[in-house]
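The structure that follows is given in the form of structure tokens.
Chain nomenclature is as follows: A, B, C, D, E and F, assigned in order of appearance, with residue numbering initiated at 1 for each chain independently.
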Amino acid sequence: MLLQLSTWLEVESYLEQSQGIIIPIGSTEQHGPTGLIGTDALCAEAIAKGVGTQVQAMVAPTLNVGMALHHTAFPGTISLRPSTLIQVILDYVTCLARAGFRQFFFINGHGGNIATLKAAFAETYYHLDSLNLPNTNEVKCQVANWFMVREVYLLAKELYGDQEGSHATPSEVALTQYLYPESLKNAFLSEKVASGHGIYGAANFRQNYPDGRMGSNPALATPEHGQRFYELAVKELSNSYLEWLSCPLSKLISD
Amino acid sequence: MLLQLSTWLEVESYLEQSQGIIIPIGSTEQHGPTGLIGTDALCAEAIAKGVGTQVQAMVAPTLNVGMALHHTAFPGTISLRPSTLIQVILDYVTCLARAGFRQFFFINGHGGNIATLKAAFAETYYHLDSLNLPNTNEVKCQVANWFMVREVYLLAKELYGDQEGSHATPSEVALTQYLYPESLKNAFLSEKVASGHGIYGAANFRQNYPDGRMGSNPALATPEHGQRFYELAVKELSNSYLEWLSCPLSKLISD
Amino acid sequence: MLLQLSTWLEVESYLEQSQGIIIPIGSTEQHGPTGLIGTDALCAEAIAKGVGTQVQAMVAPTLNVGMALHHTAFPGTISLRPSTLIQVILDYVTCLARAGFRQFFFINGHGGNIATLKAAFAETYYHLDSLNLPNTNEVKCQVANWFMVREVYLLAKELYGDQEGSHATPSEVALTQYLYPESLKNAFLSEKVASGHGIYGAANFRQNYPDGRMGSNPALATPEHGQRFYELAVKELSNSYLEWLSCPLSKLISD
Amino acid sequence: MLLQLSTWLEVESYLEQSQGIIIPIGSTEQHGPTGLIGTDALCAEAIAKGVGTQVQAMVAPTLNVGMALHHTAFPGTISLRPSTLIQVILDYVTCLARAGFRQFFFINGHGGNIATLKAAFAETYYHLDSLNLPNTNEVKCQVANWFMVREVYLLAKELYGDQEGSHATPSEVALTQYLYPESLKNAFLSEKVASGHGIYGAANFRQNYPDGRMGSNPALATPEHGQRFYELAVKELSNSYLEWLSCPLSKLISD
Amino acid sequence: MLLQLSTWLEVESYLEQSQGIIIPIGSTEQHGPTGLIGTDALCAEAIAKGVGTQVQAMVAPTLNVGMALHHTAFPGTISLRPSTLIQVILDYVTCLARAGFRQFFFINGHGGNIATLKAAFAETYYHLDSLNLPNTNEVKCQVANWFMVREVYLLAKELYGDQEGSHATPSEVALTQYLYPESLKNAFLSEKVASGHGIYGAANFRQNYPDGRMGSNPALATPEHGQRFYELAVKELSNSYLEWLSCPLSKLISD
Amino acid sequence: MLLQLSTWLEVESYLEQSQGIIIPIGSTEQHGPTGLIGTDALCAEAIAKGVGTQVQAMVAPTLNVGMALHHTAFPGTISLRPSTLIQVILDYVTCLARAGFRQFFFINGHGGNIATLKAAFAETYYHLDSLNLPNTNEVKCQVANWFMVREVYLLAKELYGDQEGSHATPSEVALTQYLYPESLKNAFLSEKVASGHGIYGAANFRQNYPDGRMGSNPALATPEHGQRFYELAVKELSNSYLEWLSCPLSKLISD
């Protein structure tokens, strides 16, 4: 169920069955010469919708812009500051928690979001504590990174080995090729690709990673690979979601 | 051109031709018993993409959540606080302005966003002034509300008269029916619908508008109407965008 | 009754009769070569006091500085950022609401304040919701712009036609001439006056409107006109205030 | 010269002669059973205008509301939070400093403002440093508390001895009686008045100081005393202002 | 008792006996050519521990960095902005108040902290009011400046006369010599030392006080003096703490 | 070299040799029935000082309080909100970067700080970009968690196996026993210890982990173990620091 395509009466009914919601979060940032700027948001959105269908869960609209300040020296990147993103997450969760939602499962497409999301969760629990609403101490948030799912990771290693890299990776590019086959891009990819530099400010990042890739060879990606990644991620994250909802222990999802 | 489906190299090329960008902004809020929670975002997004195609402009990913605090007593509504939304807009525009964008055309689907957007624009111009970047004094932001376009307004009056109302209107519902024909909803709509109350806090709003509608009869909506609204809005806002880009006078767009 | 000239015991008594308060808000900004920098605050203050006397309502001290960032390239302008003004309004209303006030009627002298005020009201209602005070859901805020009162508008059109313009207008200048007859100013006013430009950042504004006027001819103003504006505004806003207090419908005041 | 009654052209001329400005700041807070809620703002405003006339300095509009959170358990009090007031001061000074003002002389009527003002000055200097404007390192702010002027203090001691107290004092009440003779108040003042308690939160304050006075006997005040205070304060602060402007040493004003 | 060296069970027990806590706060800022950058924090910490032992009170970990923006033109200085420090204090007190602490006694080593601390206390009381916790209206905060203790002040005058100055003073240097005898510094101290300038921004400060001292001659300091200051401060502040805890009147501590 | 025990002249000299600084950051939070509340700060501080000595680097004063909101249901815990901690880190780094420091090596004792630190680094790089200072794009921040150093981790596994747990671990307790042998605590430790629960809000945490431990048996700790941990951590982090300073690749430190 997509929140955007539901009515408030349907949400009211849904809340009688479940208090869980899936929130896709991505980023709008350069992904190398051939990767789509929307890669992280598009992947998270597609997988979240897939999981939502699989597990009959409500799916919120996608947070298309995340924390990508280090990519902002490349045109087309949009980023929130961490302090802004924290307030955005706090507002989302507070509104939904007032309405009765309790489990917030963020399906995330961008490594750079993780730290700020975790900071935001802490800020949010604390804020909810101050509101004197009933049972907000039951609110739980979880980041689930599709690209860090064990099976996805193993497939990427199998298909691409070291050329998977860590940004503008063939696995995420493959997934967008599967989702948006009309948007395959051609551009020169030098064989030599930068890798191993620390991530600091935006100017520094562009200096170290001049074409935006981090150790990756996205030319290896194919739409067929993308389909395999999609199906694996949906399957595994569906299981994760259900186990997380039902289980008092959180060992199931590594983050 | 969709920013999400572009590469940073394509954005670099685009910026040589144009420094304009269209940013759809909507809301995630109750729209009465039969209206979709995503109505405002879905309408803004579709029209923005239509305009983008028409005028060859870059279209940013949609801001799905806006300022809808007064709707938060209905489940499913998500809102940013105005102070959060101001920072979000400031972050968007600052990132894009650093990359060279100069004209920001927000196609808006929600009346409740207008005030905060205007406040955000003022805050953003002032912030850009402090950054010592070249030519940021040329940055211009504009809200263009599709539902306030003169021709759209006249068509709604013609089709629905007073039953257009001011929230969960048949015109916006019609547009979502055209866009998402598989998501038509059936629910009881009482003949008597509240109208004319001021808009204050969320509890007050729900008390005054118990089913979420404000003076509207969305049962009058049809997908065919929706198509007409879509085409009118795209045509008129395409003209507005082009005139706004080229013309030093701003009389063209009333807001 | 002026809050500044009352004691807390008198306020306590007043609250037993009424929970309404009038808050004048203006701006401290350039008003062209001959307009007073305090125009917006002085007009709002005078009219608010007039209304307060007429309707026996408490009048708060004037907010002399509002949102005028676009005027800050002219010396003498002082502006709050929108994010600051939101917190100021929130603090005002929260303090007074804790004491028992419920209806906040802002008599406003500056168009540039409107958007931020509306954003502030939304932020404030939401904040009050989190405080667990009794009946704060009854808090209502309203902007009443004296220069947009229908009768005032018609008189300005009648007296000045198109030369009313939209900033440093003869109507507001006339009103200050009536209020501060010792402060009539002489300065060169070119016959050609800029108009029709959009309002963006401060540098841009000054470039477009080099002497600060927007399409207006303040030389047409007279103290006698000012008196007529004053009396009309007081009369009409007094009615508006009373109707707003008593009436559950808000159609009475357009904003 | 009053900024509110000047034009921007006059400000431009003024700045060629002087870069100093006087900013009156008061408070809107309970002043015991007989003291005016506006006492601190009204006194600061009158004295600032007097000093402005004496020394030919520009006087900004009054900050009517300051930091009075500890008085908010009494109806009629309005206070900014310190974090809000800091941003307000920063906005004021930044706007005026961009226009060329350099010396900001705050004539203050409320002890509770002092700490936040000093914090705000530090925040503001630091902010100005980040703006890359010319010569903002020359910006200087000063709090001048009229009630702490040595000669004023001595006169109060002479007239009232220990009954001067520290809030709702006969000296400030006398000054408002001189300024607003039509607003003399009658109310029961118990002979026993609380004193010596620390100042903590609002509820605690009202518990300790049940009628709002702190050790004072405002019944001793007369309009004639008020005139003497007014004249002394204007004279002494005029000297202080001139010495502060001209002298590189700051020993002249104790704060 | 040091909070850092206690367990939460010991804190639980302590709270049954006392709800008071001592929080040392200093600064990390230049102290002239021979003074330690940590002077203010090291002095506050040592004295706070001494007082804690004397009066059997819990001592929190030291706030090593305070408000020292005006010293930031000298390398090694670290400062919070006032707006940051306010949030830090609010967070400290709120956490501890939720656990049951009620009296917060800040032993302070830096004059520049005082204003911001007082602003922070006001902000904190107000914040606690909004949390609906039991008895938070009993929360009391107090700044106790060791260098302003009457006996300490008199000793400094006796030993150093005017050469005590007001920053990088021989008294505080002596105290660090006593505490850290291995860190005595040698550097050229010109006989002529700047004094009497106002304190404004950082660049201005360094211009006026080129070696960082303000009217002081720290060469007069000896470790033996330091011991006397230490013992005096511990003795007097121990008395102050006990009186403050027990006494409803706050006259005992001047601030 | 300890910053607190240096003069500004010594810092000036140091900066000619190195632009690196080590900043210890810990937490003030419950560590189970026998662990010290200061564990994380005390460990980070001791190791940072050890590393500083080893590599001749400047060591800043310890950030004693970090992000521990989830522990705040246990008395004695003090935490900053993530939004506060971000501003604190930004202020620290900005001050030091203005003075010439470029490499900021945070030696961290608390897992709960990591996410917020990373968010803060991103916010800080972006902020520095806006300041127009020379070469701030060279600023680099790094979190180095002593407890995640590979050799430390292996020793903990060897000594304690699964009983190491993840909070109030025997390894950190051992280290404090080595550092503060006079503060060994006795308290009942049930054999059964909670583990595997997710970390959400504070009330939820205490419910799941009633004595504060997370799967650990701190009774296994000995001061001798502590010494081994200390020496390993100092040795390995000294290497890490030197490699990080000198090496353009960041693979050396996993985080």
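The rule is short, and it goes like this: contacts are C-beta pairs under 8 Å (C-beta built on N, C-alpha and C of every residue); 3 or more make two chains touch, one makes a residue touch a chain.
From a predicted model like this one, the values you see are computed outputs, not experimental measurements.
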Original post:
What's the overlap between the neighbours of chain A and those of chain D?
Top reply: B, C, E, F
**OP:** Could you tell me which pair, D-E or B-D, is linked by more C-beta pairs in contact?
**Re:** D-E
Subject >> Mean-CA-position distance for chain F and chain E (Å) >> reply: 25
**OP:** List the centre-to-centre spacing of chain C and chain E in whole Å, with centres computed as mean CA coordinates.
**Re:** 46
Original post:
Multi-chain contacts in chain A: which residues touch at least two other chains?
Top reply: 72, 81, 83, 87, 130, 132
**OP:** Could you draw the chains as nodes, link the ones that touch, and say if you get a line, ring, star, complete or other?
**Re:** other
**OP:** Check the chains against each other and report every pair that touches.
**Re:** A-B, A-C, A-E, A-F, B-C, B-D, B-F, C-D, C-E, D-E, D-F, E-F
**OP:** Would you tell me which residues of chain D are touching chain B in their complex?
**Re:** 130-132
**OP:** Would you tell me which residues of chain E are touching chain F in their complex?
**Re:** 2-12, 15, 28, 30-38, 41-42, 60-65, 72, 74-81, 83-84, 87-88, 91-92, 95-96, 98-100, 180, 183, 185, 187, 212
Subject >> Complex interface listing, chain F residues touching chain A >> reply: 67, 69-70, 72, 81-83, 86-87, 112, 114-123, 125-126, 128-129, 136-142, 196-204, 208, 248-251
